[in-house]
Amino acid sequence: MASSRIEVLNQGGYRSDGRKQHELRSIAIDLAPQGVADGAATITHGLTTVLVSVFGPREAKLRSQTLHDRATISVEVGVAAFSTGERRKRSKGDKRLLELASTIKATFEPVIQTALYPRSQIDIYLHVLEQDGSLLQTCINGTTLALINAGIPLLDFVCAVSGGVHVASPLLDLNQLEENDVPHLTLALMPKTKKITLVTMETRLHVERFEEIFRLAARAAEVIHQEMRAAIRIKANTLVASMGSTRATVDGTDRDGNHMDED
Amino acid sequence: MDLDDDEALNSKLTCPGEAITSSHAYMRGHGTYVDSDEVIASVAGTIERVNKLVTVRAVHTRYNPEVGDLVVGRITEVQPRRWKVDANSRQDAVLMLSSVNLPGGVQRRKLESDELQMRNFFEESDLLVAEVQAFFSDGAMSLHTRSLKYGKLRNGQLVTVPPILVRRLKSHFLTLPCGVDLILGLNGYIWVSKHVKENEQEGEEGFDAEAVYSNQNDYIEEATRSAISRVTNIISILASHFMPLTDVVLLGAYEWVVDQDYQAKDLLQEDVGDALVTAMRGRT
Amino acid sequence: MRPPSPSIPEKEFIQISLQQSLRIDGRQMLEQREPSITFGPELGWVECGLGKTKVIAQIEAKIVKPTPERPYEGIITIHSELSPMASTEYDTGRPTEEEVTITRMLDKVIRRSDTIDKESLCILAKRRVWHLRLTLHFLSDDGNMLDCGCLAGIIALKHFRRPEVEVIGDDVTIHPPTERAPVPLAMHHTPLCLTFAFFPPSPTSDTTSALVLLDPSYLEQRLSTGLMSVALNAQRELCVVHKLGGVPMEIGEVMGVLDIAVKRAKELNRLVEDKLEEDWNTRKRIVEVR
Amino acid sequence: MNILPGEQVNAQHSKLKLGPGLLQISVGNASESAPQPIIATRAGTLKHSSNRSKWWIESNSRRYVPAAQEAVVGIVLQRLGEGYRVDIGTAHSASLDSLAFEGATKRNKPNLKAFPLLSFPACVGSLVYARVSLAHKDMEPELECFDAQTRKAEQFGELKGGFLVRCSLQMCRNLLDPKYFLLPLLGVKFPLEAAVGVNGRVWINAKEPKQIIAMARCIEAADPDGGGQDEIATKKLLDTLDV
């Protein structure tokens, strides 16, 4: 990982991939069912793609792992060998993957209403198909969508976004190149209360700089929420319409001027 | 939001985290929770209102059992005096030994020897049709097969659909004119099998233990076999297009397929499937 | 057998007393247990304790060939494992989630935040570099092993002295400590890790913001609704911020916690420096006499 | 007399009874004049009854080995069909039958479903104060929440509220000793409740959380295996606690 000769942010204010400082990469969401999973989602942020399948709530495989008052959540993350430029197989016991999985689990444990399903188990399987930075962000957003798609009750969406600081300029939704070069953080936000469930940063950054990017990323997460919500609504609308039972209006937006649209 | 507009409330879609109404005026039902005096949706789906109760029905979810539901299930485990049954719900259902009819008449008492030969009645991976009898304190459902309509399944195949597509019908036992019986489990498991004539269905007197717990298929003719696969494929196609399955739709779909002279395998082609769905949409 | 989770009365009592800002061990909400630091006879051996939580850190250095990717940099490896010795909750075999978190955090705090100037560990480019091996032994768990482990690791690094080496042409001479005074490691900064635990506020109070406490004990850690670990140095630079799930917090609350961390880190840094100096004063005589 | 494992004990009596920490080993043929030797298996203080018939070793540890008729504090781990699994700090969890409560008899067993729910609504995580009714090395311990003769609850049952303190076994025995200074010392300051299990767990309760905290800290401080403070030092600590 020799430091690149490409400028992270050039004089004209453009980043290496032609984005502006605060510009997010394009988001693509596919909510089509996958095999026998109860809910699935494929989400792409730029060139990072993660496929998420959710099973459950279902009977726990190991009785010793059941909890008498709520459902257990298990998360497994796999990485396709072809997902990075350098072909590399990661073993299941890779500490980074285990950490990613336990981060996702800890993020969703207080958000999923597990108390509704005592003794059950909810399995979340993630598979990383393409990696170009902001992996945790993509994993969390994909998991939110797959859980909603599976009809598992959540307190709210969880929307994640990454951010970094180049010299003194904050950047959003980093790609791999930027991630290697600048201090970066990932945060996850619950849009209704605008509260933070996750924030993680692993590079040196001054407290003041941190606050700036932190607040900016929180606003970006709300933008991502709009995208995710629109995808869920379109999917729900199509399904409801094809069931023909309720005459729902087939449009992605709602008309009651919801307070989340304020920005 | 205007709450008096019942039409709007009843047909509105919502997403997790969206406020629906005030918790003072309404009671929260399934798919919602209350936070700071607001009823908030926890699943993506349609808002439904019955009097003061607001619920959100998830578009796609696992089966939520209710007492009296007819379900098709698969035995996963044999335990002391009970079987565990996978019924597509959040936990495996329980079928107690005392909740099944044993060979030798309905009134027969349970013997200790029955506990030892439970695998003679049902063993792992057997399919059965049963009714939801009650719930345990932890929410697991208890099933019973104490009716001659219920019991082990054979002579056919299983097809799985999203549970929401199986509507509550007057009868979940359908017979199609092509000699195919259908059992629409409310849990989304559907059993498609060879038709059994009414008089062959064991009556009170002729309770045939051998037949009830038999693991052997009857002889099934070529025509019936292809009819079964055709029906199975129809169900899969309708389900993949998220069409609710009712007796009317299934009958209509089968007729359409026969009219168009499609074989079971033709239905797997995407255009045929789409044509079928379009035809069915036009009717309803 | 794993110990059972805390009983209902314990859980309720901890919550009630914390709502009145009372902690079982009599500490203030934002008070850290006084770290106990004991240095061993060797340089780079330190036992660090927070209450009953105890960790030993030890450093070894040897000369190896550098990796081909980084021919000008020394190597640092961290070895840590939670054994059943620390608590019956840990088992040998598959690492628990807590263990993964701790080892990953140690890696981030000590290795990835550029604590050690790796290039200064290079003796002869592409041929000879120092390999530092930091081993952490977790002796007992009374909550917050992460902070204790990080503290032990950092102090051990600051305490350690490597033998001086002389390079003339391609010849490397290692001077044993008896000949020349060993040299300390070149360190960029001193990151210190502080862990906060959160509890739900009292239902009667107006605020919805969570109760924050520093350095949770075992019971507090088990019962809390979320943890947040911050590693930072006395220069107000954050190295790691780690809040994985747990109770959702407002932006202001998170920043408030960071402010507290900034203050505490300064105090802790002072304490560490004092302890090191104190220890060094007792040793200096011996080293200088040589 | 302090004794170490392996040391021989010169205990002789026609009706000799050996308590915890002592073992009679078989070496060759025993005779009236040269009985089988008795050795210590634990470090501690060798004690004997006044008539020298009962011998045992008193030592301090944190692991509880169940013995019949001892009162213990347990945590309910699981509800089973006919009772509860309870953790009492032993190697194996103990079982507590739903019939082992005051008022529960075989006769109202048909009401089993409703009855224990009323008298003992213990859910997982509750604390119970119970007596060991069966302790055998080859069986899992059994508990009961009443006096087996009178079938009265005595003071056994679920412990609600309060807080649980873990301490050494010696500290538990000290607390049970009426002459021990700690509880009277605390009792002067504020009214309190305590249920002492000999399994190293003490349940304490008082009106104010800070009083409970004071109790917990004093027990910790006075524990011979913890702070090891004597009466004067403990009193000093208590005076600083503002209760």
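Per-chain residue numbering starts at 1, and chain names A, B, C and D are given in the order in which the chains are listed.
We adopt the following convention: contacts are C-beta pairs under 8 Å (C-beta built on N, C-alpha and C of every residue); 3 or more make two chains touch, one makes a residue touch a chain.
Since we're looking at a predicted model, the values are computed, not measured.
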- line: Of all chains shown, the one whose Cα mean is least distant from the combined Cα mean is A
- line: If you tally C-beta contacts per chain pair, the winner is A-B
Whole-Å separation of chain centres (CA-atom averages), subunit C against subunit D: 39
- prompt: In whole angstrom, what separates the CA-based centres of subunit B and subunit C?
  reply: 56
Statement: dist(centroid_CA(subunit A), centroid_CA(subunit D)) in Å evaluates to 52
Query: How many Å are there between the centre of subunit A and the centre of subunit B, using C-alpha atoms for each centre?
result: 34
Task: Going through subunit A residue by residue, note those that touch at least 2 other chains and give them in order.
output: 68, 190
Message: Graph shape for the chains shown, where an edge means the two chains touch. Line, ring, star, complete, or other?
response: other
Query: For this entry, which pairs of chains touch?
result: A-B, A-C, A-D, C-D
Message: For a test of understanding, state which residues of subunit C touch subunit A in their complex under the given definition.
response: 95, 97, 100-101, 103-104, 108, 112-114, 189, 225-226, 228, 232, 236-251, 254-255, 258-259, 262
Field: Of all residues in subunit B, those that touch subunit A in their complex
entry: 1-2, 10-13, 15-19, 31, 33, 35, 40, 42-46, 58-62, 76, 84, 86, 89-92, 138-140, 160, 164-165, 241-244, 281, 284
Field: Residues on subunit A engaged by subunit B in the complex (per definition of touch)
entry: 36, 38-39, 56-59, 68, 71, 113, 117-120, 148-157, 190-192, 229, 232-233, 235-240, 242-248, 254, 256, 258-260
Message: Under the stated contact criterion, what part of subunit D meets subunit C in this complex?
response: 75, 77, 87, 91-93, 123, 125-127, 159-164, 203, 209-210, 212-213, 216-217, 241
Message: So in the complex, the part of subunit C that touches subunit D is made up of which residues?
response: 1, 3-13, 16-17, 20, 22-26
